[in-house]
Each structure stands twice: as C-alpha cells, then as structure tokens.
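Labels for the chains are A, B, C and D, by order of writing; each one numbers its residues from 1.
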Amino acid sequence: MKRIAVLTSGGDSPGMNAAIRAVVRKASYHGVEVMGIFHGYEGFIEGRMELLDLGSVGGIIQRGGTKLFSSRCPQFKEDRYQYQGIEKMREANVEGLVVIGGDGSYRGAHALSQKGFPCVGVPGTIDNDIPGTEYTIGFDTALNTVIESIDKIRDTATSHENSFVVEVMGRDAGDIALWAGLAAGAESILIPEESYNIDDIVNRIKRGEARGKKHSIIIVAEGVMSGSELAKILKEKANIITRVSVLGHIQRGGSPSARDRVLAGRLGAKAVEVLLEGRSGRAIGINNHQIIDYDIEEVFINKHKADVTLYTLSKELSI
Amino acid sequence: MKRIAVLTSGGDSPGMNAAIRAVVRKASYHGVEVMGIFHGYEGFIEGRMELLDLGSVGGIIQRGGTKLFSSRCPQFKEDRYQYQGIEKMREANVEGLVVIGGDGSYRGAHALSQKGFPCVGVPGTIDNDIPGTEYTIGFDTALNTVIESIDKIRDTATSHENSFVVEVMGRDAGDIALWAGLAAGAESILIPEESYNIDDIVNRIKRGEARGKKHSIIIVAEGVMSGSELAKILKEKANIITRVSVLGHIQRGGSPSARDRVLAGRLGAKAVEVLLEGRSGRAIGINNHQIIDYDIEEVFINKHKADVTLYTLSKELSI
Amino acid sequence: MKRIAVLTSGGDSPGMNAAIRAVVRKASYHGVEVMGIFHGYEGFIEGRMELLDLGSVGGIIQRGGTKLFSSRCPQFKEDRYQYQGIEKMREANVEGLVVIGGDGSYRGAHALSQKGFPCVGVPGTIDNDIPGTEYTIGFDTALNTVIESIDKIRDTATSHENSFVVEVMGRDAGDIALWAGLAAGAESILIPEESYNIDDIVNRIKRGEARGKKHSIIIVAEGVMSGSELAKILKEKANIITRVSVLGHIQRGGSPSARDRVLAGRLGAKAVEVLLEGRSGRAIGINNHQIIDYDIEEVFINKHKADVTLYTLSKELSI
Amino acid sequence: MKRIAVLTSGGDSPGMNAAIRAVVRKASYHGVEVMGIFHGYEGFIEGRMELLDLGSVGGIIQRGGTKLFSSRCPQFKEDRYQYQGIEKMREANVEGLVVIGGDGSYRGAHALSQKGFPCVGVPGTIDNDIPGTEYTIGFDTALNTVIESIDKIRDTATSHENSFVVEVMGRDAGDIALWAGLAAGAESILIPEESYNIDDIVNRIKRGEARGKKHSIIIVAEGVMSGSELAKILKEKANIITRVSVLGHIQRGGSPSARDRVLAGRLGAKAVEVLLEGRSGRAIGINNHQIIDYDIEEVFINKHKADVTLYTLSKELSI
C-alpha cells in the first residue's frame, strides 16, 4: 500500500486526535501516505479529504475532539453509498481505511471490508462498550472528568449536608458509572448490568445518617434511568430529598489523559500495521496490555461486560 | 475584644475556607481567640461551636466548601432566636461575629448588630451580586469552572458541528454568564440585566453558518430562563436544534482560584480589624483594589449592577 | 484605516491568543482587515504575515502560547531595520500595528510610532510588571499555575514534614511571588521590592515547629535569588534543610484563566479603537476596571510597583 | 483477627489516602477495627497510632499525600526496633499490619512477617517500579501531572521555537519518562532501561528542523542523568541550545486520578482479605486486571521491567 485514509465517526471522544496522529506517523514511518477524511462516512461518500503530513498532526496529541470532525451518517447503511465511497477512494488511490469510532462506526467498516475495501476499526468512545477490547479511547479521560466534577459537587454536598444524584453517560454500559462511583467514593451506584434495589439505596443513606453522615452521592448510569427519575423515586418511596446533577456533554471533551493518549498511540499504530500486512475487517483492541487485532464481526456477536468485581467492591467499601 | 466567632451561611462558595483561615490568623496576630460556629445561624442559635487555633485552619486554604458547614436558617428571622443566639455567645464570652455569606446572610448580621451584638459581613457567594463590593469570594473560581466546562463542550460541539445552550448559575445576576460567555467566546449571552432578542441570537447563528461555522455556544443565565426553555424557543421560532447543558452544582465547588484566595484573605483580615476597632453592622468589600467597609444597610438598599460594557464588547467580538 | 497588523513579541503569556482574536474580531466589526505578523519584529522586518479572518481566530481563545509565534529580535533596535519593516508594511497597505508583549516589545512600538508608523502596545507578560496598567495578560493564569503546583508540593511536604523553597518567575517584579505566596499560604515570601531578613524566615519556621507544624513553604521570586541559593543560606545559617522546587517554564503556558481571557478581549479591542481613532504611540491598560490608553513613554519613565499591602498582610497571616 | 493496623512509608504518592480508606472500610465491613499508625515505621516503633473509624476516612479519597504521614526510618533495619514495634502492637491488640509504600517499605514488612507479625505490602509509589505488580498507586496521577506540565511547556516551546529538556522522576525506573514521553509526543525519551545515543537525539532534532519544526521536547528520566547534564551534552556535542525544566516534587502530589483511586481501593481491600485469611508476608498487586497476592520476597528477588514495546513505538511515532 502506498496510501491509506483515516476517519472519525460517531460520538467523539478525547484521544481521537492522538489516534489520528499515530496513524499518520506510523504510516509515515513506513513511507505510506495518509488522507484525512472529514465528517466521517459522510465525507467518505463524497471523497472529502486532504493529505495529512507530519506537520498537520503536530500539536494535536493533547486536544479533545477530532480535527477530522465526526458525524452520524444513517444513509451509509445503504450499499450504493458504500460503493460510491469506495469509488471515490480508488480515484484518489486510497487503498485502505482506518475507522476510529464506536460500534456503530464498526458496522460501516465491516460492510466496506466485505465489499473488498480493506478496513480496520479502532475503538474510540468514552463508553468503554466495545466487545473484544478492555478499554476504548476516551474512557479514562471521561472518568477523570466525572470524578473531578463529583469532587466539586461533594464540596457543596458536604458543606450543606445535601444528597446528590449524579447522572453520567455510558449508553447501555455501566463502566463510567461503576469506575467513577468507586473512584469518587459514591454511596450507591446504579448500572444497567446489575439490578438495583431502592430499599438498599435508602438503607445506605439512612445507615450513613445514623453514623452522623449527612450527605450522600448516588451515581446513576444513563442506561438505567435519568437522574431526575431516580430523585423522584427516592422522594416518593422514602421521602429522601436529593439534588440532581446531569454531567452531560462535558464528559465527551477535554484534553485526553496520559492513559488515553498512550492507548490511542498504540491502537492507531497497530491499525496501520494490520492494513499494511494486507489484512482487512479487523478490530484493534487491548487485552492484558497487549495490542491485539480480531475479526470485526466479534464486535457485533459478543457483548461487552463490565467488571462486576468492581461492583461488589463498591458495595463493600460504601458500607 | 478577647474572643470573636465566625460562621458561614447560605450557599457555599470556593474560598470560604480561606476566609475562615484569614479570620483566625488575623485575630491570632492580635492575640484574639476565634470560635468557629457550625452550620451557620442554626449553630449560632444553639451555640454549637469550637475554638479554632492556628493548627485547625492548616491545610484548608486550598479546599472548596466550608469546614464550618453552612445552612439556610429561616427561623433566624425571628427576634427570639436572634436573642437566644446572642445569649449563647455571651455565655461563651464571644464578643463579635464575622458572617461569611450572601445577601440573605447579611440580614442576620444586620439584625444582630441592631440588637447590640457586633457583626460584620464578608461577601461569600459565587453570584457576585452583593452591592458595595466589586467582587465576592467564589466568583472567580466559578468562572474558571464554567469556562473549563465550556471548553470541553466546545470540543464536542466543534467535532460534531452541533450548537449548545449552556445554562449557568447566578440567581438574579448575570455576572457569571457575562464574564464566562466573554471568556469562552460564546456566540450569544443572555443575562437578566439586558433584554434579549431571539431574532438576534438566530441571526448570529445563521451569520456564522453562512461563513462556514457550524457550531455555536449560547450561554443563558438561570435568572433569564432555563436552558431547556431557550432550546425550545430556538426550535420553535427558527427550527434551530441545540443540545442543552446545565452546569449545575459543579459551579459551587472546587479548589479556589488564586484571586479568590487572595480576596478571601484580604476580606477576612479586614473583618477582624473592623470588629477590633469596635465597629459593628459593617459590610466588607473591595473597591478599586482597596479593601473597604461600609454600612451593611447599603447592601439592602442598593442593587448590584453587572458591567454592561462587557455585554457590549461581547456583542462586538461575537460578530 | 482599512488594514492593520498585529504581532506578539518577547516572552509569551497565556491569553495572547485571546488578544489576537479580539484584535481581529473588533477590527472586523469595524470593517477593517488584520494581517497577522509571524515571529514578532523579526517577521515585521521581513513582512512575513498573512491575512487573519474570523475563521482563522476560531478555537484559539482557550489556547496558551501564541499562534503568531514570538521572538526576541535584538537587531530591531537599529533604525534601518525599523524603516525596512515600515516599508514592508506600506507595500502591503498596512496602516497601523498592535504589539502584544512586555516592556521590551513596547520599545519597538515606540520607535515605530516616532517614525510615523502608528502603533499601540498591549501588555502581554506573566510578570505583571508594566507601568500604567494594573494587570497584564497572563499574570492571573501564571498565578493559578503556581498555586496548583504549590498545592501539590504541599501534599508531599505535609506527608513528609519537609520544608520547601519554591522559586517562581517574575523577573524584577515580585507580583507572582507575592500573590501566589498569599494564595498558597506560604510561610515566607521573598520579593525584590522588600528587603528580606533570614532571621525572620528562620524564626517563622521555628515558631511553626514549636506549635507542632513540621513543614514550611517559602516562596522566592527569581529576582531576589535562586531557590538553591536560598536553600544554601538556610542550611548554613540555621541548619534548616529544605528541598528546592524551581517551577520554571510551566508558568508561561497553559489555557488562560477566565480573567486573562476577559482582560485580553478588552485590551485587544481597545487597541483597535485607539488605532482607528488615528492615535499612535499609546499603551493600553486597565485601571480601576476601566480600559485606558496612555502615552507609551510612561512605560519607560515610570516603574511598576507591587501592592505592598499584600506583603504586610502575608506577614500577618503567616504568623 | 479483631484489630489490624495500617501505615504509609517511604515517598508518598497520590492515592495513599484512598488505600487507607479502603483498608478501613473493608475491615469495617468484616467487623474488624483498624488503627492508623503515624509517620510510618517510626510510629510503629513507638506505637503512635489512633483508631480509624468510617468517619475518620471520610473526605480523603480525593486527597493527595497521606493523612497518616510518612517517613523514612533507617533504624527500622535493626531487629531490636522491629521487636519493640511488635511489642507495642501486641499491647494494643493489633494482630496484623498493612504497609503502603515502595520496595524499601516492603523490607520492613518482610522482616516483621518473619518475626511472626503478620504483614502485607500494598504498592504505593509513583515510580511504578515494584516487581510483581503491573501498576503502583500514584503512577497514573504522576503521569497526568507530567503531561499537563509538558503541555504547558510545549505552549511556550512552540511559541518561541525553543527546545526543552524535561527531567522527570522514577528513580531507577523509566516508566514515568516512557509513558509520559509517549503521551506528550516527546521527540526523544531517555530511560535507564535502554542505552541512549546522543547522535540519534541530535538527528531527530535536525530532521524535525529540516521539515520546518523548530522545537523539540526531550524527556530524561532522573535515573539516566539530570536534565542539565543532558543539556550540556547537547550543547557541547552538537551546539544545540535547550532550556531545562526539572518537574520535581509536583509529581508526588495532587488529587489522585480515577485509575489510581480505583487501584488503591482494590489493593487496599485485598490486603485486608489476605490478613483476615491468616496469611502473612504477602505483597498485593494487579496482574491482567486481577488483584493478586504473592510472596513478598519476590519483590526483592525479581526486577521490575518497563514495557519496551512502548519505547519502540515512541521511536516510530517521533520520526
């Protein structure tokens, strides 16, 4: 291969820029050119791209967001748009594609691979919900953003002896809620992977109060219910008054953490290696500290699992 | 005076601890003891307090919240509770009181002063809305928290070319919205002090789009309307789709900024000076870099004004 | 005027980008074009510049450093290079210049003004040492960087009961040391504006120890002596062992604080106004919250003064 | 067991407080009391300790440093002091000990175990240099502190087109330098585990310059040489002028990252489990996401190895 392309797709996550940089630099190391496609699959269909040289990825390793922009592109599910994009790539002598994004974005990469256009997927999402990789790019940064926010909320919760319900992102996965809850010392954590028990939450709050503790932090993953729904339930069932904080989109931005930058560098570099080895339809991931690649179909067949030992631990430590 | 007391009241703000520390250390410098009253006026009524020595205010200058806790105490409006508290203070040989809080808290300080118990008020609120002082303790930290959050939101807004409505605190004052909007480069800012014009907001967004700019950040002060109300209006009137972020209580917490710590140190020290000079019913403030004291009644008579030249500037810079 | 230029010169400071943005946007508001000159006066001499439109200053308000680069250019003291630069500007129809930098950079602006080329100076330096303005762009951010560093150092100082000497920037001015020392609760602060007394420093440490306090933080401005020199003196004179931390260039970088961004916006906009009013040889500053302009020669005649009331206060609060 | 103790020893690291909290809460979950020993082995010898209940570890999960203080205690190498400490513990009905610290601290834990006093070691050091565990508590936070500092330095390096040598901690281990260098996009990284070649560093700088890149960041682990030594070599061998930044003790402090807090929680809880199972002389660690325990002697026999694949990657990405 003499020229490949890279795009970012779906929800953006901190570290996507670091991954783009790694793709460009690793390819450059092997004498291969990289085209940056703008706006995800939308730009792929239209061939909207430009050459990324070493200078064009300078000074981006520390930036949140993605310099290639991202988008959701529902029409890309249709074969004819996929063929149109492949045609655009061939006209531009692009021989392979690195897709950085979440599982939705992997669908497109898979479809292109099956149509004979070599693609690999790099996991870029804060949700940490892609089967086959232990971590995704952006998860660690989002965690740190969440705990810094909860640390601030705890200042005011402690001072006023109020309780707070904090709603965090994660779609159907509880990883952000679970890790952040453990890291922030939350009194209760609600995640989609585990059934919750309002009585248990109420008991924890009351046990704390009996010990003289007058504030609690309850973390709820958006995949369980909204923060205001939970607050309403606590009010109705046990007359517990809580304030609600929905952290929202701040979780998606910010300068990537050290872990996310290193992970992005490793995964992005591996994606280039896999393409240059002539392989296609592969997903890149990390497993026991090793960077691996695996059949991208596994992402659709398997289901991501949160580490439930952390959930058990959180229960024990928040007695 | 041989012994004074200090309490924090109302909404907490970053830098209250630094102010407590300054009160204790300045008093100690003059050989005067300081009692720390817990839970604001609630603790005052009950005489819930302990001696604060130099060691007990060590390691708190950098902490958000208030080590003395805060509360809102509606019953303190009644004379009998005020007298009860004064009695408790006299039993404990406390001869004067520093109240750190917002304008609601100043009412209590004023009432106590009028009943012959010497009080001074130190402005502690993120809202920057206390007449007679240019800045309040916590405002600068809240501003920095807000702009760091908007910087994160802008990462994802830029990457996805979405527009965001960001709702910030400030009660009836627009200072947080105005300063943060200017500092974050918001495309539009809505504050209670200025009438807004939906057409103008829409035009700004459309002008930006015409220039190729596909995302906008609109800041709305909670005193104008909620973020979701504004989003609804933009949708209905101009079919502009925005995402909404309500920053919420993170604005109240966090380690105080350098400015807030210095301000807290200066105001807290001045409060002690004024008490030791035998004066009462005074509010402490900053005016043209000088620390001043003035009749606490001015706080109730006058109205805080936001700096409208900043509003004009924000309009010019966000063309 | 139809076209002006802007450059950054001397040591960079956080907020320079926000100032550049304000110059471009304010000029654009008045229908005036702005050329961005690269590498300070070096680029001025050679006419190295490009047109800055609204898009080219998008996404820079939050970035440290300067997108126009900076440099020190000793040869610019010579008349012939000044004339050469003016010639380059005239060829490009540039009719006025905004110089963002420290007092060294103001010399160039002054010389150009005297040769008939309209110039105004905007104070951009972390040192806060420009006569005629109460604050310079970057000072507030540097303060926050310093206190966050000292907060970290205090964690380890407290845990190990060690004392630390922390050396901070500021050239001949003590503002960074003084404000940061007060904000971080330093036990002693050494600034060029006040004579220091080793015995007093030693006594403070020993008094603290007698009270059970086993760590101290001593801030020394680089304009007094180096951190290691002070540590050596403390060792030799009183056998006090300290660790030394030289904060160094981290003080120059980082995303600008809210205050610095607002200040940069106001000063940059005013600089454009002054030029468009046909005035030249002016310095822009802030005084009692008002943005002012004054004869740039005052910068060379007068001397910046640190606020010594803060020094007195720091002594009282660190008993 | 009815009562155990915990101490922190050696260089402090962010997350030690979170580990103490986990020890207390996990023990409490099992109905076991925890005594907190002050000042490491020094306090152990003298029996300087107090009961830690749930309330006493409230509000510390997010704090840097260690609330139990730390110290280095050379005399603890002597048998008689070890016996004296064991005696003190027995008098206080303490039946086991959790030691949080680096490999030096593990020596003491090992000696006590051999004398029949049950001990387990929890890895608390920023250096990440303890054999048998993939990560130590504090490493991740230190990494983030280092990259935030380098991001700031890069602002000024880019603006001024200067090159910087940044010296980071790590004792004999290169982990901090390696990970931070990769995460910050350093042009060259010098670690004790790999021989360095000045010519290669020089070539990288010159290749960058040939491409138009005028600044470089070179990271040197303190275990290789000091930053100023490296700067001197670069000057003498290739006339390359660099500025030097020694990050120093800021690397030891700060609020722990999410990863460090979760790791601290898991390791601390496991330490209690191991003690309660009646085992002694064990080190706690993390391996492939599982929390493990292993013979503490392995720490002295084996040698920590940095992940050299990261080194290779850093070379490829910094072409």
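List of remarks:
Criterion: a contact is a pair of C-beta atoms (placed from the backbone, for glycine too) under 8 Å apart; a residue touches a chain by one contact, two chains touch by 3 or more.
Here's who's who by UniProt: A, B, C, D = ATP-dependent 6-phosphofructokinase.
In this text, all values refer to a predicted model and were calculated from it rather than measured experimentally.
In summary, no chain was found to touch both chain B and chain C.
Rounded to a whole number, the gap between the C-alpha centres of chain B and chain D is 39 angstrom.
Note on chain placement: the centre of chain C and the centre of chain D lie 35 Å apart, centres being C-alpha means.
In chain C, the residues that touch at least two other chains are 151, 154, 158. Chain contact topology: the protein chains form a single closed ring, every chain touching exactly two others.
By the touch rule above, chain A contacts chain B in their complex via residues 8, 11-12, 14, 16, 39, 63-66, 69-71, 145, 149, 151-161, 164, 243-246, 248-250, 252-254.
Those residues of chain C that touch chain B in the complex are listed here as 21-22, 25-26, 28-29, 54-55, 58-59, 61-62, 134, 140, 143-144, 146-148, 151, 154, 158, 179-180, 182-185, 211-213, 255, 257-259, 261-262, 265-266, 269, 288-289, 307, 310, 313, 316-319.
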